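Down below are the structures I want you to see.
Both complexes below contain chain A, partnered by chain B and then by chain C.
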Partner chain A sequence: MAEPLLEVKGLSVDYEVGAGTFHALSEVSLELPAGHVVGIVGETGCGKSTLAHAIPRLLREPPARIRSGEVRFRGMDLLTLPKWKLPLVRGTGISMVFQEPINSLNPAFRVFDQLAEAVRIRKMRESGQAPGLVPGSEGFDYSKREGPKPADALTRPLLPSRPEARKGFSRVLHRVDFREDALDYLRLVRINDPETILDLYPHELSGGMRQRIMIAMALSEKPSLLIADEPTSALDITIQAQVLTLMKELIEEIRTSILFISHDLGVIAEMADDVGVMYAGHLVEFGPVDDVYEHPRHPYTKALLRSAPNQYKDDGPLPSLPGSVPNLSRLPSGCSFHPRCPLAKPVCSDDPGPVLEVQKGTAAGHEAACYFSEEVAGLP
Partner chain B sequence: MTARSSSTGIGADANRQLSRFLAWIGQLRRGSRGLYRVLRANPLTLVGFALVVLLTLTAVALVIVPPISAAFGHPMSLTPYDPNALLPCPTVGNQSFCAQPPSLEHFFGTDRAGRDVFSRVLTALPLDLAIGFLIAGFALLTGGGLGLIAGFWDRPGTIGAAVSLTIMRITDVFLAFPSLVLALAIAASLGRGTIPSIIAILLTWWPYYVRLTRGEVLAVKHQPYVTAARAAGVAEWRILFRHVLRNIAEPLVVYFTMDVGTVLVVFSTISFIGIGVPPNVPEWGNMIQAYSDYLLIFPWVVAFPGLAIFVTVLAFSLLGDGLRDILDPRSRRALSQAETTTRAPAAAATAAGASG
Partner chain C sequence: MGRSKGDLVIFVSKRLIQLVAVLFGVVTITFFFTHVAIPNPCYVWSGPRATQATIQQCIDKNDLDKPLFDQYVLYLGKLLSGDWSTSPRGVPVLPTILAAFPETLELVLAALFLMVAVGIPLGVIAANNSGRWSDHLVRTFYLSGWATPTYLGGVVLSIAIGPLVGLPHSGNFGSIPSFPEPFHMSVIDALVSLNFPAVVDAIAHLILPATALAFINLGIATRMTRGSMLEVLPMDYVKTARIKGLSDFWVLYKHALRNSLISTVTVLGITAGSLLSTSVVIEEIFQWPGVGRYAFESIVKYNFNGTIGVVIFFAVGVVVANLIADILYGLLDPRVDWR
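And then the complex of A and B:
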């Protein structure tokens, strides 16, 4: 099997704040084959967003600190990549849609300015005028760069008279050249009257519109990998449905892989091929979404699925899990779920705890970080 | 989705240049329309704007009219009298009364040496305005630039953090002295004169901008839209100069306009103390200083330069206040909605409707 597009190995991230060290991610491993949609589900504070931000290295460091691990994207280890090269990977390589549509658009710029900037970045990279990772290219190639060379500026006449000289003159693209492209992408995300919307400021748009524009921005760069960090959580349910339908259609239209992060089991079931379940910074289960939902192999997944409300049944209060999520600065020894686990045995508190093993090429396999995953099926 | 291939023909190039030019014109029109609306909605800003325009045009005219008219053979001066000419003083008995109160002949009266105060106040205008803009502008560029660096690259353990720390500590050292006292000390050690006192204020004025800019950068740089820009692959320097700078420009520009007035006052203070401009050069602070002892005897000699400072400072303060509204897209659009029914509110309504 070919190398996966994204491979995360043993990624651990801490937050070092005054109150102590919080282990936001502990030994998270997963892989995302090209063309797949991988969902990550878990409750608030389990490290989903930290994972989403850690992959393109968008965490604030400090307070965050990547303790160990490897993030291989198209064969490059993003964690050891020099910092100045990261912008070359972001955008056309890995793009991201954020949780807060309200603040994710720059209030000082019109929609057009922001959309066109994204289109410009992609076009400059595709044409080799700016370095950067674009789908199909192998890493960065500075030798392909064709922009005007600094030495030319000294000898070039201010107003070139010959047509061929004029050609190089406007080689560097400006964002006003991309009005048509920006319009295309607004139509792609089903925005009515894109001509008008393009000239509005973000504060004049609703949350759903802004989120769609964010998606348009991310897609206009045609990334190999799109990380969607709870793209629909801030939206109300009807707009959520619109955005999800849209994203599904777009996956077909623009071939891109998605890491889809959500706390909503239903949304994940709708969107993802594979799903990873997170608990207290650990990835506790990973497998094809139908398999995980039908036959969970980790007691936490089982409990999570059981506590999801079912609109067709009304048989008393929703089942809930006793106890609460452990403090991330004082994780229990061994399996961090054992204090709340109905299957817990003494072995569960022994260090190191069970580890989810993702074997290379078994992305479709179904793994759980539990010693007793065979017994989970027997739980109520 | 149609991917438009970029044609490389010359016609397409010309088209592209044209569309860029049109977009530029559009921006200019949008900007001027915003200015017009804010001015109409806010009379105080209009007063400030009108005063600044008037002062600036007068200053420019004062500088360029004499040489140009001389070149055409008809020397012309915009001041009724030579600012340094000693006019004949009326005498009563064997006593001469040089300081005359304001009259139709001398709008602002004359001083004790018999010089026309109106001409002197007018002559001082270009110098004082230039000093205000020069010093505040220099402070904005240096202080603002240093503040941008210090605010943006402050991750502990990096070279940027060391540079930022150095900038901030030097700034603290400057801020530890009262800037006026420091400016006086520098001006005094450089010797009396216009240039030394300008240098003195230049050297002490930038730290405030460093503080202001750094604080604003720190507030903006962790906003989600900055992270979003970073996620879109925008280079760091571009994030700083486009996404961050555009969002902090508003307080900076407002502070700058108000600061032009403050610089004038400080410069006048230095002249007033007697370290700044030599007495023969007309300068507002200088004029107040020269006759401050006679405030009760010939008030007009002191009051009119004081009034000139007051009006100039007020004009820039009012303008700065209004600029805040013009620079913020939110209030600009709100004003435009209040003023006229354009297509913008209709579009916003469509937008809200479309999103369901």
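And then the complex of A and C:
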């Protein structure tokens, strides 16, 4: 089997703040094969965002500290890479869409300046004028994109704005060369009237619009891996639906590899091939999304699925899980879920806790970290 | 959106109208302060061995026997007609200031340049390494500048460090220049005359006084930059810049600094005004032929007309510096309306 695009092995991250050491991630391991969409679900504070930021080394260190582990991306260990080499991996290698579109575009620059900057970095790397990872060819295909839609014909100039001869890379590329590219990517994320939008400042755009531009910016570098860190959580519900539909369509169009972080089980079911469930900094279950949802093998996954609102089930209050998430600075010994677990036995509090194990009798690649995973099916 | 060229014109015109009011107030206050404190300076002006006739002649010539308010109206009228009167010795005020003010402006601009070119990068370095030794080093450096009295810093640079490093430490030219001085700014005059040895000489003379002036105020630029960088660095758009694949240099100096500069520029505008008044001390120490020295001499020698003239120029300087800061503020932050 070929090496996966991204392989996270035993990643542990702490936050060292005045109040103590918070174990945000404990021994998280997962694989993301090229062309796959892997979803990560979990409740607030379970370490999803820390995981998303730790992979491209975007955590602010300090207060964050990567205690141990390995993040192998296209054959490189990102955690041992010298700091100055990290920018070479970012962008064309790993790109990211953040949670808050309000803050994620620079307020001082026009949309065009920010988009052209991304396109320029990619083209400079492709042409060998700047060092950095060249977009790989693992399992994604930008050529499948549809041609311009009829509406675009109205806004697209009849003649190309620059002579073809300039396309030779004999000179250093300048951002004004990328207007057409920038327009293409705005059309890709279904923005009407991209010509006007390009010359606006971020504060003149709505949240949904800004998030589309963030997505366009991330895709314009043709990243091998796109990390989407709750890209719709900060948007209101109708815009959420639009952006999700867009992302769903883009996943179909551009089979790129995506790590999709969300707290919404339904969104993950729609988007992802595989899903990882996180609890208190641990990855407790991982597997093909249908199999995990149908046959959960960890009591936390079971409880999470049971407490999700269901429009067809209208018999009384939503079930909830007793107890609350443990304080990350004082994790319980052994399995961190055992204080709330209906299956807990004395062995569950013995260190070290259970690790991810392949589950028999399920789809291939389904793993769970529970000593009594066979009994989960019998829970209510 | 209040950001068209027309809005800028309206914005600038409004501020210039305000300037008239500021100038009127400044002239009035300075006039009454000087004339009430010393109602009859003729005893000083005429010298220790003056006869009663000479003093009477001086009083008549300067209308000092008229009621104070009449003197004020007379003076205002002359001021408005462009005649800024003369010093007691008969030297006209306006031409003297016009020749000296650019020299001071040159000094202040050089100091501002140093504050921007040194102070802002230091602030960025300190913020990016906050809590580490380089941060502490930068903070010690600018705090020591801040804590140094103007005269002490100037004197130390002038008599200790200047001779040590071999930099000239008085006046703006080593010898009397052999070329015209249309701008009264030594570096520019030398440049215009294409006299390059003189350019080097002029810059060499500028270094110490400008450093003295900048060192004391460097802390403001560094501290503001450091503070606002610390606010900007955790923002998502800095992460966006990093994840794009930009190197640390561009992330810091393009994406983060651009947003931090807004507060730095505001403070620099205020500081530029106060640099003018600090220059009074610095020019005296370095024998710089600027308006600061003229102000000092005017005050010591009861040259009321000279004092008022200098105050007018300083007031214009302060208002214009703040106006430029406000315009830059709008240029830096596209969310600001010019209104």
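Here, the second predicted complex is superposed on the first by the 336 of 380 C-alpha atoms of A that agree within 3 Å, B and C clash if a C-alpha of one lies under 4 Å from a C-alpha of the other, contacts with A are read in each partner's own complex, and residues count from 1 in each chain.
By our rule, a contact is a pair of C-beta atoms (placed from the backbone, for glycine too) under 8 Å apart; a residue touches a chain by one contact, two chains touch by 3 or more.
Owing to the predicted nature of the structure, the values given are computational and were not obtained by experimental measurement.
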Clash or fit, chain B versus chain C on superposed chain A: clash
Partner chain(s) touched by A:R60 [first = chain B, second = chain C, both, neither]: both
Contacts of A:V176 with chain B and chain C, given as first, second, both or neither: first
Touched partner set for A:T21, first chain B, second chain C, both or neither: neither
Partner with the higher number of touched chain A residues, chain C or chain B: B
Touching partner for A:S349 - first (chain B), second (chain C), both, neither: neither
Partner chain(s) touched by A:E117 [first = chain B, second = chain C, both, neither]: both
Touching partner for A:G208 - first (chain B), second (chain C), both, neither: first
Which of chain B and chain C A:I191 touches, first, second, both or neither: first
First (chain B), second (chain C), both or neither touched by A:S12: neither
On chain A, the residue positions that both chain B and chain C contact, one per complex: 56, 58, 60, 62, 84, 87-96, 98, 100, 103-109, 117-118, 121, 132, 201, 203, 214, 217-218, 221
Chain A residues touching chain B - in the complex, by the definition given at the top: 56, 58, 60-62, 84, 87-96, 98, 100, 103-109, 117-118, 121, 123, 127, 132, 163, 166-167, 169-170, 173-174, 176-177, 179-181, 184, 188, 191-193, 196-197, 199-201, 203-209, 212, 214, 217-218, 221, 238-239, 242, 253-254
Parts of chain C lying in touch with chain A, wherever the complex brings them together: 131, 233-237, 239-248, 255, 258-259, 332-335
Interface residues, chain A side, partner chain C - complex: 53, 56, 58, 60, 62, 84, 87-96, 98-100, 103-109, 114, 117-118, 121, 125, 132, 201, 203, 214, 217-218, 221
Chain A-facing residues of chain B, complex: 1-2, 4, 6, 8, 10, 13, 16-17, 19-20, 23, 155-156, 222-225, 227-236, 243, 246-247, 329-330, 333, 343-344, 347-348, 350-352, 354-356
